[in-house]
Every structure is written in C-alpha cells, then in structure tokens.
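What follows is a pair of complexes built around subunit A, which joins subunit B in one and subunit C in the other.
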Partner chain A sequence: MRVSKPTMTWRTIPLTKHRTWAYFLPYGLWLALFVIAPVALIIYQSFFDLGHQVTLNNYRTYFHSATYLKMTANSAWYAFLITLFTGLISYPTAYFIHQLKHRQFWLLLVILPTWINILLKAYAFIGIFSQAGLANQFLTFIGVGPQQILFTNASFIFVATYIQIPFMILPIYNALDDLNPAFINASRDLGASSWQTFRHVIFPLTLPGIKAGVQAVFIPSLSLFMLTRLIGGNKVITLGTAIEEHFLTTMNWGMGSTIGVVLIVAMIVVMLLTGDQKVKGGTPR
Partner chain B sequence: MKRLISILIGLLTVCGLLGYAAHRLQASSGSTGPRVLNLYNWGDYLDPQLLTKFQRETGYHVNVETFDSNEAMYTKIKQGGTHYDLAIPSEYMVAKMKRAHLLKPLDHSRLTGLQNYDRQFLNQSFDRGNHYSLPYFWGTLGIIYNDRVIRPGTIRHWNDLWSTAYRDQIMLIDSARDIMGMALVSQGKSMNTTDPATLKAAERKLTRLAPNVKATVADEIKMYMIQNEAPLAVDWSGEAAEMLANNSHLHYVVPSEGSNLWIDNFVIPKTAQHDQAIYAFLNFMTRPENAAQNAEYVGYATPNRVAKTLLPRRVRDDQQFYPNTTTLRHLQVYRDLSPTQVQRYNDLYLEFKMHP
Partner chain C sequence: MKHRLATGYLILVFILLYAPIIFLMVYAFSQGETMTNFHGFTWRHYQTLFSDTRMLAIVANTLLIALLSALIATLIGTLGALSITRTTRRVTRDSLLTLNNVLMVSPDVIIGASFLIFFTMLKIPLGFGTVLLSHIAFEIPIVVLMVLPRLREMSTSLLDAAQDLGATTRQLLTHVVIPFISPGIFAGFFMALTYSLDDFAVTFFVTGNGFSTLSVEIYSRARQGINLEINALSGVMFLFSLLLVAGYYWIQQAGHKRRRRKREVTS
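For the complex of A and B:
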C-alpha cells in the first residue's frame, strides 16, 4: 500500500496544484517563521561578541576552552545515559502494552504525566527525595537509614529518565502497531522460537520506532537545565545551564547562540546517525 | 471530518470566550486609563494592603506586574512596548539603565519624604545625588545555619565555611557575582575587583570549597533550609528572613569582615505616563508608617530611618538584619561592571561549578 503512494500523489498534483499550494501555505509560513527564522537568528547572533562586533571568537572560545569541551562531553554522556535507561524501560513497556487488552487505556496512562508541567513534576520529586521525603522514610523503615538522594547524579538521571519515558514509549508502540502480525505468524510457522522471532523479525522491524524515540529523548536531554538545578543541585552542568547563564545573567547572547549552534549541529549528527534507513532500503516498505 | 470540525468550532468558541473575558478583566482593571499606576516589581515584594490603602487615599489604581531577575526586567523595558511607571531594580541595574538612557530623572521638589531616609543609603556610587533612584529596601549576603547541627557562634566568618567539618553540607545561591564576591571578601579583596589574577585566585579558593557544597540552587534554598535539608546556606538577607520565620532553628550571620550591601530602588522608566500617580505613590511609600508596615510584611531592611524607629524592637534591634555599624562599614555595594568583566566573573564561576 505504501509503495503505491508516491505514484498516486504524482498523478494528482497537476489537477489540484493550486489547492496543494494553498494547503502548503500555513505549513510553509510556520516553517519560515518558527523554524527557519529562529535558527537563522541563532546562527547570526553567534557571530557577534559583547561589543556587537562581527567575530569568530565565540567559536574559537568554545573549542579552545577546557570548560566548554568538558561540559559538552558531560552533556553528551548524561544524555546518552538518560537515553539508554529510557530505552531499556520503554521497549519492554511498549511491548507489553501492545499485548494488553485495553491498550489505548494503558497508553493514555503513559501519556498522562506529560500533561503535567515539568516543574511540578520536578518539585514532586524534591518532596520524594528530600531528607524527610518518602524515599528516605522507606529506607529508614527497611533499616537502611536515610541517604542523600537529592543532588546526586543518580537522582538526576532517574528523574530525567522518568520525564522522557513517554516520548520513547510512543514511537516504539506505534512501530509495534504498524508491524504486520502476518510476519510474526510466518516466523512462527517457519519454526522460529519466540526469541528468534523477536531477534530477527520484531526488533528489526521496530527499529525505526526506537530511532525516533532516541531522537526525541537524546536531543532534549543534551540541553536540560531546570532539572540539573532542581534535582542535580548544579552538580551536573550541561550545555543548557551555560546557555541559560549566557542569555540571562551575562547577556552574552553571542556565546549563548554559539552553544545553541553546537547543539543544532549535534542534533543533525544524531538525526543522520539514527535516521536515513529508507534510502538504503533495509526495511520492507 | 464532521466531528473534527465540530471539535474545532468548540475549541475556537472556548478560546474566543476566554479571550473576551480576559479583555473585560483587563478593561476593568484599566491599564491605560488616567487614574492608574503601572508598577513593575519583584514577586511578593510589597504589602498588598498598602495598595488598597493607596487606592482608597488617592483614587489611583495600581497595576502590578512582576519580574524575577534584574536582567529580565531590563530586557523587557529596553525592548519597549511597555508602560511601566515605576520599576524596582537593584543598584547595579540602576547604573546600567541610566547608561542605556532608560530612566527619567526624579524631580526632588515633588518628593516629600526624602528627609526620612538614612543618609547611608543615599548618594551611592550607582546614582550620585539620587537623580534617578530612590531606595526601597536594602539587605546583605550572609550565612544561614541550623542550630540543630551547627553550634551557634561557630560560624562568624566566610572562611569558616571552608572547614572540613562541613563536607557536603552547604547550599549556595546560584549567583556568580555573590559567590565569587564571597570568595573575594574571604581573601580580603574587593567584591568589585577586575584584576584577572585576583579573580583567578578567588576561583581557585572556591574550588577548594567544592567538597563542602551540597548544591548550588536558587529560590529553592528557602524550602530546603526550612525542611532541614542542609545545615548551612549562603543566601540574601530577605530570603533568610523568610527562612527564619518558618524554622526557629535557623539563624542568619553577616560576616563582620564584609559582605555585599544591596539596595533595591524605585526608578521611573522613560515610558512612564502617569506623572501625578508616580509622585503620589513615591510619597505614600516613603511615609514612615507605610514604609514600616511594608518592611514588616516583606522582611527586608528599610532604608527609611523614621520608619525603622516605628518597627517593633525585636525587629529593629535584630543584628541579623540590621547589622551593627562596624559590619555595616565593611559592606560593599556592587559596582556595575562592563560586560567583559561580568563575563569573566561568570566564566570563572562556571568553572567552579563544573568542578566535581
């Protein structure tokens, strides 16, 4: 069905050319105003120093400063960990939800937390993780005694993972949903074990979902800044923290934009690494 | 499709109604009428009862909008399109706004309460002769400790924080100027220094504090300290006042060797439109009984000398918030540094924060 789609559109274009343009107009405007213009502005700003002189110094500073390079490495490492844990939790979850009877209901429960403001969720975790919080009450109850949970790297990764999980589950779930059950039946009929079916049929066919999830989780994780302060106590410094500081405190928009450009490039790299399967034709589309 | 359209129509109707309601509400509070005053203030930084009283007395309605950082306020006023009659920036921001020609000069002949002020807070370096600004509140930077963990009297100076006994026990306010300033004062240097070597030394000293730092956070410090999450914190006096009010184990110390003295001030942005209302409000707020009532509500120290005498004895004799003259003499007001200098402070501070 999908294969025939391009030819169909090709044939319909001449007939409704004007209407197609009319349909494209809002989207085009949106793209120009809210995607292309901001990115162009960020790139433009990144070439200015504090004295509003055109310069390449911001980039020079960035790539010659041990602080920024270390911060970049830090951010990438934490984003990787968050994505990894999110993936490890999300794939089985999506898989099981897909097997359940009332999938839509369970899926709704997964999506529900995303309706709550991230700050509220962060504050809730402060309450849970603090010295007198629920987690420590439980640890005291089982005899371990109160521990320092807030402001540790583990708690930061935990909360970030919790917040990102829905964005990983959804694409994986959709990929599972798109999976034609006939493939699984065929695999079984041909004598493959459950594991072999999963390993050679289900997993490869849902890989695009995982990749979409990685894109949705890794990039925002690179620039998390509220959580690094609220949960991580600024013990973890990411590029997001630096951008916030440059824009709000130092008012060095040039340097802030430079970091923004680096993040955009990082995003493109991640997209290239995780996307692009269609061209190679690895999936049966 | 039909359902989609009906949902869309429903949504549009709701949005329209809400928009209309918002418009009506705005109209009734009247942000542009002649009998109003548009005040741009920090959050919860004025006793709301005083606003009612002011309106009853003068008939001017006060619209309050709030900001949460000097920089945010600066950006908003600079970009224009606002009609604030009064704003309340901190001292270094007054200097910056003045330089950017964002302020209208104060007409001293129309001010009736100037003689109520303590001279110490007038004629400061950021606005000589108070041509543009009138002090609103002042305060300090200091150390808050919890007497359940720290014996009273053991914390007197900044250097006490570096003791190995306080491993992982200190919370710092996330502010480059204040934390760098604290390190500078602990080394006997000026909080306004621009000497790179001195600043670098301060940063090195801060990295030695890193093992003691539990977290570098912002407003949340209040909540954490009240909940006994940490026994020590470095924060501003106004924040400390709120902590102390909610947890009787907490105490505030301003190190006698010096600290920051900050002053928040009334200024009139260029875009102001209600001259009459502005001076009516300034004169109303500088009246001792009103200034005292406001100081009791907000918890910061008032620069109004006469108002201070009206405060309850336990408040005005409280050395934590009205430090003695020796300490007061050692306090330093931040000078507005050039962007490059601010950048240096921030870069070094970021390096300290990156230190594991």
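For the complex of A and C:
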C-alpha cells in the first residue's frame, strides 16, 4: 500500500529567452566546474600511477591486495554497526518525541547539537574517555576500575553513533509525521494489539524514513576520517582515512582516487538499495 | 506505565545528546589544565582565548569565508533555482535536480579530494581562494533546495496579474518573485552559513599550508591533546550557534505565519 504523494505542479516564470541564459550561466558554470569536472577528474586520476603513466595498476593493486580488501570490508562493517546502533537508538526516540505535546520544541533540541562543530564534539570525547576522564571515574565508582577507552574500536563506534543520531531521528520523525493517524485507528478498531499495529502498520509505513536515515548515516560513516584519528587512534582505517592518507601523506593520488572511485560506487549502491528517497531534513556532511 | 517508560527513555537520550556539550563548556571554567577534575572557577581560559592573536585571526578568517561564501552561494543558488523552475521539459529538470544533489550526497573526502585535483590541475595556489571557492561550491545545492519549494508554491495568477498590470520582466522579478521567495532565500543563506562553519574535511583538503579555518585548527590542536582554550572556544561557538538557530527559526516561523495568513484570506 502506498500513500499517494501530493503532486507538485511546476510553474514557469515568464522571462525572455535571452534573460534566462544570463540567469542560468553562473549556476551552469558551477554545475560544469564543481560537479561534473571533479567527479570526472577523480575517475581520470585513478588511471595514473606515481610516475604519471596511464595504467590500470591501481585497480589491480586494489583488487589483489588483501590489505585493501580487508580495509574496505572493515570500513563497511563499522559503517553498518554505526548505522545499526544509530537506528536502534533513534527509532524509539523519534517515535516517543512524535507523541509529545511540544514536539516541535523537542525536535529543535535534537537538531541543536548538529549545529555544533563536529570537531568540538569529538574533542569533548577525548576528555571524557581519557585515562582519568569522566567515563573512567564512573567505571571506578561502580567497581570495574579504569579501562583503556580512548583509541579503541568501541570508542570510535560510540562517538560516531553519537554524532549521527540526530541525522537518523529527523527522517524517521518526518515519516511518522506523514503517517495518516486514520490507519492506526483503523488497525486498532479492527482488533489489532499495539504491537500488531506497530509491526504491520506503523513500521512498514515509516520504512521510507528509515531508508532515508540509513542513507544519511551509512555513507558519511564510510568516509569519516578525523574520528578514526582523534578517537580511534588510527586502529580503525575507513575508506575516508585511506583516501586522506593517500592524498595528503603518501601523495599517491592515483591510488587515493581509486579508493575514491570505490567509495563512489559504494555510495551509489547504498542509494540504489535505499530507493529514491527525497532528501528531507537536510543530509549531514 | 508505558508513558513513564517513554519519558525515561527520552530523558536518557537527551542526556546522552547534551552531556558531552555541557561537559565541554563547564571545563572551560576550570582552573586545571585537563578535563578530569574541576578545580574551581576561573575566566582564565577565556582570557587566553581572547589574547591569542593567532586564534582570533583564524576566527576572523572563518567568519569571512562563511559570510562571503554564503552570500555568493545564495546568489548563484537562487539564480539556479529560478532557472530550474523555468525549464519546461521534465527530463531536463530531473537531470538538473540530480546533478544539483550530487554534492549533497557525496562524502566529504570525495569532494575534498576531487577539488584538490581540480585546483592542482588548474594550478590555482591553495589557500584563501581555494577554500572560498570550495565552500561556495558545496553550499550552492542546499540554497537551491531551500528556494525551490517557495518557487513551486508561487501561483501563476500572481505572475499573470503583475504582467497584465504592465510589469516588465525585471519588475516581475524584483517586485513579485524575489519578495515571495525571500524566506527560502534567507533559509538557504543560513544553511549555507552553517555548512561553511561546520565543514572540516573539504577545507582540510584544499587549505594548503598558510591558511587555516577553525575546524582545521581545532583538529590540529586536539591531536596534541587537551587544551582548555579549546573548551573556552567551544563556549563562544555554542552561543554563536544558538544565535544562528534562533535566527533561522525566526525566519521559518515568519514564513509559516505568512502562509497561514494567506490561507485564511483565500479560504
């Protein structure tokens, strides 16, 4: 069952042909120079080796090296875990917020942390997870004793989840908001229990929101690179970290671009899997 | 019972969301040097921050980049939205919209790396100019997405009426279209501003050696360990974000109110 979307009508603003071109020019230039050209360049660059020779070697190296393949699998696995945890925390949150009286206000409180610089949030966790930090004080207090928390895989996943939560809550909330309450009433009238109503009515109808959230969380999680350094202590290497390393440290742009192309392909796959969702509530970056 | 469970859960989530931010700002007032034990109140870290000329210069750079890039992106994005609305063929419009969204969904590292290749090929020296160009580039699509819905809401009768009354194309644009879509333009401007202030990865790639923005500076300082001056900075930035959010929502509310009024009139 699909809820029909309101059809948008497009109106054309009557401007003369000549003028239209003048208006389109800056935007068209941007499209050509900063959208089409860079994507083309990264694909082009991936066919060059360090000696500026045209070659397929980068791809050969990538697909024959256990290190690269393992790194890619690891990166996808971590992104999956981050998306999963984010989803598990966000769905009930969005659901409960939607039932509140002043939901717009609470939603605003969810959005507010996203306006704070991501580096500052990561930096806060360096303090919280440090040797004598808040987390370890708590662990000592409950009798577990201090642990090494910073620079572990778990801390990386925790902080990444923390940062992504609002971007998952928003699309799910929007989906809940789009849900026609008549469906829920009908389901209850026909004798379904709360759980059955949720399982067979609410959840399937909010699936587009979940998909949009997955899209908004999974792709950035593949490419996080400052968190792997600041929080993960370079133990976790994501595709993003690998690209940054190849471009800015080892200066092997060809290989970096090759991994970039892999990331672009991964992105397209994720977008195809999660369907053609309209972007809602702004995608995080 | 169920209600209490939901409330408890929400309280937990909100504590999780806000604890790190509050933690960060509280320690800006601690007399110690680390974020471990609170050692009594002091303004010292704020004094250090406001006498740190390097940091102040970077703050100025960041704000300059944000304002300039947001202004230019708003201009180009609005023109883009206007030309997208003007397209008559569906295929053209859909492909324009798809291209528009490429930078919205691309991971930051891809944008950063591809812009780096682009600037290097054109032999543009890395620094202020490249950072500005990159920020304009990734802000344009969000402006377009903010302006488009307003343009779609505009009724043709409004335009017909203006034309019947003898408005020229220019008058139509400046007196009818632009005022109507202005909430969208402002929303786009604010979003562009926050995108710019928030960006780290793209800037990190195209900034070169001499030029730095706040995000990049925080990154390099955070790698060296805890420095409570950053905490003080986070306090200032949090206040600034609050002001931006307030501004953004005020504009949104104004838009809503106007729409509601319109509905009351027409019904």
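Here is the rule we go by: the second predicted complex is superposed on the first by the 241 of 285 C-alpha atoms of A that agree within 3 Å, B and C clash if a C-alpha of one lies under 4 Å from a C-alpha of the other, contacts with A are read in each partner's own complex, and residues count from 1 in each chain.
Criterion: a residue touches a chain if its C-beta (ideal position, glycine included) is under 8 Å from a C-beta of that chain, and two chains touch if they have at least 3 such contacts.
Here the structure is a predicted model, which is why all the values come from computation and not from measurement.
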{"item": "Contacts of A:118 with subunit B and subunit C, given as first, second, both or neither", "value": "second"}
{"item": "Which superposed partner A:50 touches (first subunit B, second subunit C, both, neither)", "value": "first"}
{"item": "Subunit B versus subunit C as contact partner of A:67, first or second or both or neither", "value": "first"}
{"item": "Contacts of A:97 with subunit B and subunit C, given as first, second, both or neither", "value": "second"}
{"item": "Partner chain in contact with A:132 - subunit B first, subunit C second, else both or neither", "value": "both"}
{"item": "Partner contacting more residues of subunit A (subunit B vs subunit C)", "value": "C"}
{"item": "Partner chain in contact with A:230 - subunit B first, subunit C second, else both or neither", "value": "both"}
{"item": "Which of subunit B and subunit C A:251 touches, first, second, both or neither", "value": "first"}
{"item": "Touched partner set for A:199, first subunit B, second subunit C, both or neither", "value": "neither"}
{"item": "Intersection of subunit A interface sets (partners subunit B, subunit C)", "value": "126, 130, 132, 229-230, 248"}
{"item": "Touch list for subunit A against partner subunit C, complex", "value": "8-16, 19-20, 23-24, 26-28, 30-31, 33-39, 41-42, 45, 89, 92-93, 96-97, 99-100, 106, 108-113, 115-128, 130, 132-134, 137, 162, 165-166, 215, 219-220, 222-223, 225-226, 229-230, 239-240, 243-244, 247-248, 253, 256-257, 260, 263-264, 267, 271, 279, 282-283, 285"}
{"item": "Interfacial residue positions of subunit A with respect to subunit B in the complex", "value": "50-51, 67, 70-71, 74, 126, 130-132, 148, 150-151, 229-230, 233-235, 237, 241-242, 245-246, 248-252, 255"}
{"item": "Subunit A contact footprint on subunit B (complex, rising order)", "value": "69, 71-72, 168, 171, 174, 176, 214-218, 220, 223-224, 227-229, 339-340, 342-343, 346-347, 350-351, 353-354, 356"}
{"item": "List of subunit C residues in touch with subunit A within their complex", "value": "6-7, 9-10, 13-14, 16-18, 20-21, 23-24, 27, 34-37, 75-77, 79-80, 82-83, 85-88, 93, 96, 99-111, 113-118, 121, 133, 136-138, 140, 142, 144-145, 151-152, 154-156, 159, 163, 169, 172-173, 177, 191, 194-195, 197-201, 204-205, 214-215, 218-219, 222-223, 225-226, 230, 233-234, 237-238, 241-242, 244-245, 249"}
